[in-house]
Structure formats: structure tokens, C-alpha cells
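Next come two complexes, and both contain chain A; in the first it sits with chain B, in the second with chain C.
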Partner chain A sequence: MADLPPGSAAKLKSVALESGATVCGVADATAFDAYAPEKHRPGDLLPGARSVVVVGGAQPREGDWAATSPWVMQTMGTTERIQGVGRRLAQYIESEFGYYALYVPPGTASGDTPFLSLMLAAELAGLGSRSLAGPVLNREHGFMYWSAVITTAPFEADGVETSPACPAPACREMWDRERTTPCLATCPGSNGGCLSGKLENGRAVRTFYDAARCNTRVHTHWVGGFQKVLEETLNEPDRDKRKMLLYGDFFTRSLWAITYSSTNIAQCFECMRVCPAAHGLREMR
Partner chain B sequence: MAVFKLDPEVYKCYKDEVLKLCNSFQKIDQPGLSDKQIAERLGLDERTVTEIRCVAERDCYSLDEWEKAIEFKRKATLEWSALALKRPDLKPE
Partner chain C sequence: MTREEQVKAVGMKAGARVVGIAPVEAFRAKVPEGHRPEDILPGARSVVVAGGDGPTAGAWRCPDHRVMEITGYDLRENVAVHAMCDFIEGTLSHRAIQAPSLPVHGHEPPMSMMHAAELAGLGTRSLAAHIILNPEYGLLYYAALITTLPLEPDQPLAEPACPHPGCAAMYKRIGTTPCLRVCPACLAGTVQDGRIQTSTYDREKCHSRAQTYGIGSFQKGLLQIVNEDDRERRRTMIYSDFFTKSIQSLGFFRDSIAQCFECMRVCPVGRKYRKLQ
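== the complex of A and B ==
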């Protein structure tokens, strides 16, 4: 912190919260080296990077979780709201402190690979830890969306979270009773789903994860689905059948999703919908 | 000048190995390698590995799995609505 005025990190966090973030933390840029492959580390994107500022928030509301249509959550994806906070922080760091600040683009660097893992950034900034299902959960606020800024400013880094939100007490009880948890029961790897795992000494241990299948669920009406239908259409010799594929609901919904958003919006929430640590079950009137 | 086109035979030969080594799909306690590291290990150039990885990411499942995803989500969402709203009538058949 030698090059920054005292209280700079605290001031930055206060600006983040005033701008709409629910949580804000700082990770040491070099902490990514042990986990992220090259080209996906802060210093690869911004040479001389010293810190990564991470904000989380924009959680779905109880009404979104309780909706009867899965398309509500994917259409109402609130990820863009937290991205706006990230952009604002980048501007603030440059104008207030005079250091380079790179807002981490939410899109992909190549294929499905992100520029920088925002979940890893959130973990290293002490804002949450990986759940058995995969997403990083904050102990107080559960499931949230993330945004990050890489900067050459040497903000003081926060420590990683030592006590994970997952498994929640209700999940421990369910495990003792049924040898499963809500997320594992909803998306079981042994029965066409993505996940397998166990609780061991009160800790969640994942034993299987079908990432490719998870991708078909998280991005059903998205780039992958679009490519799949397009391939099917190109292989279809019958003109009328081609028309059914291109004008049908699947392709149409995929185009709506793709053209209405410039960012990756998740389309499957089922492991998080049932997760007591992600949002609980707060009754509303 | 055309875009970089991967030789389908090269793809078939290296697809499984690239998927196993890369970081596209999170693995338990095993960080993936960068395209450059994979290229060095397999004796390929980096651009070829990037293309193999991108095609393979999409090639793991057929279109049927996308359709199954829709049904899975429809059912799971209604199950939760029935529980959260205390409306057992919303439960899917």
C-alpha cells in the first residue's frame, strides 16, 4: 500500500457498495498463478497487474426463484447490473488513484473459455467459496453474480474465506438422513445429471461433474444450441424439414437470447434453486 | 484469405487428449493446461490446439441432450414452485 493513500481499499469498497454491489473484495494478482492457466491470469491481460478488485451482487429475488417457468431466470439474468458496477470501479480507480484498471470482459477469450475466471477471482478475494454444485457462494448472501477489475494499483488483498457456506446445516441433516443433498438429488450424475458428491466430516466433496452436460443446460438456448441446430439444418436434405428447424421454438428462442444480450447469461439454475446456502427458502406473502 | 480451418482427421486424432488436458471443463482438483502447454505436450502448434478445443467443447453431446436440458429444467422448476409456494398442484406429472 506504499503507493496508495491510507484507506484507499476501504474507500474503493465503499464506492463499490454505493454503486450497487452487495460485496466487494480484493485479491492479490499473483494468487491466480497457482490455479489459472497462462493467458488467463491477471498479469497476462494487464502487464504489471497487482490487484484484482471483485464485486458481487444482483442476486435473483425470491419471486424469480419461485417462478413456474425456467425461462424467467434465463431471461431476467441480472448479471449485467453487477457488470455496470465493475465498469464504474475501473473508471474510479483510474481517475481517483491514477493506476491502470482493466474491467474484465464478461465474454469469452476463445471457445467457451473466459478471459479470467470470475469465480476464482471471487474466491481469492475472500468473497465466497465453491459449493458442491459448483458456483461460489457467499456466506451471508449466497448465490450472486460477479464482476472484476484488474489493476496495477497495489490495494491490500483480503484473505480467502475459511468457513464455506456449503454445506448448509439443512444439507448436512439431509445427508445424514438420505445420503444425498438438494443439489445432488436434483441433478444426479448417476441418473442423467451433472453432479455426484458426498459430505465427509461435514465438508462437501465433489466426486463427479459432467461439465459438458452442464454446458447444455446452462447454455441451452445460446451459442451451443444455435450451432447444434444449424448443423442439423445443414445436414437436412428436405426443405420443409429445414424450415421446421429454423422457424421452430428452439432456434427462435436461441436467437432471441443471443441477439438480446452481449454477455453470457446462465440458463440453468436448478442446483442453486434448491440450495439452502444459495438463497434459502424465505417465505413471502 | 479463408479463416483457419482445422483438418478433421487431426481433430479426430487429438480431440479426446485435448479435452482431457484443457481447462474448458472444470475438473476436480486438477487445473487444466493452457493451449500452448497442450501444444508442447502433443507436438502440435498452439492455434491447432485452440481450434481442436473449441470444436470439441461443442462436440461432446448431440442435439438430443439440449432437448433433454429443456425437459429437465421445466420439471425441476415446477418441483421447486410447488414446494416454495406450497402449491402441490403445480407439481409436474
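== the complex of A and C ==
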């Protein structure tokens, strides 16, 4: 922090929380080198990068999880609110501290490859750790969405979380009893699901994850759904069936999803719905 | 604090970098009927314009061109405009609406945000695609509100932001400026006595470069897909990166994300804010 006024990281974090983040942490830019492939490290995107500021939040509220209609989360859960915070922080770092700041685009450079892994960034910034189900879980707040800013400012880095949220005590007990956990039981890779894993010495070890299958369920109504119906429509010789496809609920909902949510609106939350750690530590009445 | 200062303070607090005020009468000289503020909000007296930041200085430095091609801007100028509308209606009891700026016929918006920014004293047209440059910050993005509230207007800038003294000197020396040199395909112009004398901008050509992924590319890709008889080729086209990115662009890129920034990349106006540590 030699080049920054004392308390800069604390000030930045306070601005992040005021702007709508639930948590904010800082990772050392060089910490990515051990895990991220070339071209996907902070310095590849911003020459001279020193820190990566990560914000988490915009997660479903407990009321969303408790809603009886699956459509609530299928149509309303989006990452956009936390992305706005990331953009604000990038502007703030440049105008207040005078260092370069690059808001990491939440989209992909090509295919499914992100510019910078936001999950890795969250882990390295000490905001959470990977769960057996996949998402990074914050110990206090559970499941959340992430946004990151790469900067040349040498903010003091936070330490990596040492005590993972996953497996939760209840999941350890379930494993001892049934050799499975809530997330593995709800989406078993051995039975048409996406996940397989185990607990070893009390730690979660994921042994299988079918990303392609998961993607077709999580993003049922989105860009992929649009492309699928378009292809089916063009292959359909019957004029009336074509009309039904285009005006069908599936295609209509896909169009809503694309225009409503910029980068991420999910239609499957089941592994997180059953996860005790995903819901945070605060009890709700 | 005057009413004008109050309104501007609300806009700045909501994220605008600059806020200016234009009187509705000022639009009559150059704006055709049907596109003037009072044509959109009966009884309109003032137009308040907010300028918001574009890419950060860090984004300009990124060696991966795809970052700026898909990064959504803050678009805080729109938030600032809505905050000011709420303040004007809620506290000052006058009608206020966001001025419509998305194209309704071709490239034509119901109301020009560029012209509004000029009249509100926030910037002047440049040689670079006629983009409005703020003399302090350079490239900004503009949104405006129309209100029935009478406000003391700001004056249009007496001194143009473009050409920058460095560009005027360059023109004198070698007959071009950084923007004209970097994009002779879209831009042409002359400078005399430190002022823009002529300026030509090929909008159609620029649009096809600056909006590679957007509504236009979606329409182009869709037409080619529909016209393709071979089922397998159709499939390849539908799931290609180009068409996928075009679909994503409909939701993500919104109205102003661009895939070419070259004339602005070389522009010195506001560059001091792009030189950081």
C-alpha cells in the first residue's frame, strides 16, 4: 500500500457496500498465475495490474428461495445488479485514486470462456470457496453473484478463506449417514444429473460435473433456447407448426430472457436450493 | 442553492459527470418540427442534459480488443436523468420525462441527444464522427430530460472542444489530425485558423464497423440463415460465434456498445483523465 493513502482499501470496500454489494474483497493480481491459463490473467487484460477487486451480492433473497412458484427465480434472478456495482467501482478507483481500472466484462470472449474467471477471483479475494455443487459460497451469506475490477492500484489483498462454507455440518452428517449430500442427491450425475462427488476428511471433493448438461438446464430460456427454436422452425415444413413454434411459450420466454437479462438469468437452482450453506447464516422468520 | 443547482446536484449525485440546461426555444432553430422538446412534452420549458462516463482509462489500455467490444458502460447518465425527473416531479411539482433517444426510423431518434448536449453547453461536435466532445472530459454519453419547469439555461460553449490545440498544430504541419488519419474511410475534414472548416462523416460505413454485433448483424445473420436451404449449413450458421454474439448483443450491448473506437482512441481531448498510474 506504499502508493496509496492509508485506509484506501477500507474506503473502497465501504463505497462498494454503499453501492449495493453484500461483500467486497481484494485479490493480488499475481495470485491468478497459478490457476488461470494465459490470456485469462489480470495482467493480460490490464498491463501492470496489481489487484483485483471483487464484489459479491444480488443473490436471491430468502423470500425468493421460499417462493412456491418456480417462475419467480426462473424469470427474476439476474446478475445485473452486482455488475452495476462493479462498473461503479471501476470509475471510482480511477477518479478517486488515480489508477487504471478495468471492469471485467461478465460476458464471454468466445464460446463459454470468460475473460477472467469471476469464481476464481472471488476465491482469491477471500470471499468464498467452491462448493461441491460448483458455485463459490460465501461463509456468511452463501450463494451470490460476482463482479470484478482489475486495477493497477496496489490495494492490500485479503487472505483466501480458510474455512470453507461447504460442506455444511448438516451435509457432513448426511454424508456419514447416506453417503450423499443434498446437492448430490438432487442432481446425481449417475442418474441423469450433473454432479458427483464425495466428502473426504470432512472436505468436499467434486469428482464429476457435466457442464454442458447443466448449461441446458440452467439456461433453458436464453440464447441457446432461441437458437434451438430457430433451427427447429426453419426445419419445419408445415406453415402452421412454424407459427406455433414462433409464438410458443418456449420461444416467447427465451426472447424475454434475452432482452431482460444481459448475461445471466437462470432456470435451474436446484443444487443451491437444497444447499444449507448457500442460504447464509442468518435465520429468517 | 438555486433550483438549477439543486437539479444538477441530484444528477451529479446519481452518477452524471456533467449536467447542463438548455431552453426549449433553442431547439427551434435547427430541429425540424415533430422532434422538438415541446412536440414531445406539451408545455415543455427546459431540457436538462446529463453526460456520463464511457469506458474507463483501464478499458482503453486493455490489449484484448474484445473487452471494449462487449463491455457494457455504466450508462449512469440514464440513471441521473431519472433521478432528476423524480426530483422535479416529486419536489418541484413540474412534469418531467426522459427524452426519447432510440432510433424510430433508420438512425433517426425522436430527439437528438447530441444536439441537446451542444445547446446545454456540455460540448461541441468534433471531426471524429461528429461525436460531441466535452472540453474537459472528451467522450461522454448523453441522456436528457424534458420538463415543464422553467430553468435558467446554460450557454452553448463559446470555444469548441475540437480541434484540440495539438490537433490544430498537427493539421497545420501535415494537413491531417489524429482522428482523420486513423480513419480516412469514415472521416474527412479541414481545419482553418484553429477551427473546423469542413467535416464529412460516412455514417453508414462507420455504423457497419462500430456496430459489428448488434441489431443489424442479427438481422443480417438471420436473413442469411433463412435463405440457406442446406439444413446442416443452417445449423452451423445458427450456432456460430457470430450469430450467438449477435443474439447476446440484443440483450447485453443495448443501444450504445460499439466495436470500433479508433477515432476516439487517438483523440487528445480529455486524455488527461486517461493518464493514470
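Heads up, the rule we're going with is that the second predicted complex is superposed on the first by the 278 of 285 C-alpha atoms of A that agree within 3 Å, B and C clash if a C-alpha of one lies under 4 Å from a C-alpha of the other, contacts with A are read in each partner's own complex, and residues count from 1 in each chain.
The rule is short, and it goes like this: a residue touches a chain if its C-beta (ideal position, glycine included) is under 8 Å from a C-beta of that chain, and two chains touch if they have at least 3 such contacts.
Please read all numbers here as calculations on a predicted model, not as lab measurements.
If you put the two complexes together on chain A, you find that chain B and chain C both fit without a clash. Within the superposed three-chain model, A:47 lies in touch with chain C and out of touch with chain B [touch as defined at top].
Using the contact criterion defined above for the overlaid structures, shared-chain residue A:211 touches chain B, although it does not reach chain C. When the two complexes are overlaid on their common chain A, residue A:110 makes contact with chain B and with chain C alike. Looking at the shared chain after the overlay, A:98 reaches chain C, while chain B stays out of its contact range.
By the touch criterion defined above, A:152 reaches chain C but does not reach chain B.
In the superposition on chain A, contact of A:234 is made with chain C only, not with chain B.
Once the two complexes are laid over each other on the shared chain, residue contacts for A:226 go to chain C alone; chain B is not touched.
Of all C-alpha pairs linking chain B and chain C after the chain A fit, the shortest spans 6 Å. Contacts of chain A with chain B, set against its contacts with chain C after fitting on chain A, overlap at residues 39, 110-111, 227, 231. The residues of chain B lying in touch with chain A in their complex are 23-28, 31-37, 50, 53-54, 57-58, 60-63, 65-70, 72-74, 76-78, 80-81, 83-85, 90.
Residues of chain C touching chain A in their complex: 15, 53, 56-59, 61-64, 66-67, 70-74, 76, 222, 225-226, 231, 234-235, 238-239, 241, 243-244, 247-248, 250-252, 254, 273, 276-277.
Residue ranges of chain A in contact with chain C, taken from their complex: 3, 39, 44-47, 83-84, 87-88, 90-91, 94, 98-103, 105, 107, 109-111, 115, 150-153, 223, 226-227, 230-231, 234-235, 258-263.
On the chain A side of its complex with chain B, the touching residues are 35-40, 62, 65-70, 110-113, 134, 186-187, 192-193, 206-209, 211-213, 215-217, 220, 224-225, 227-229, 231-232, 250, 267-268, 270, 273-274, 281.
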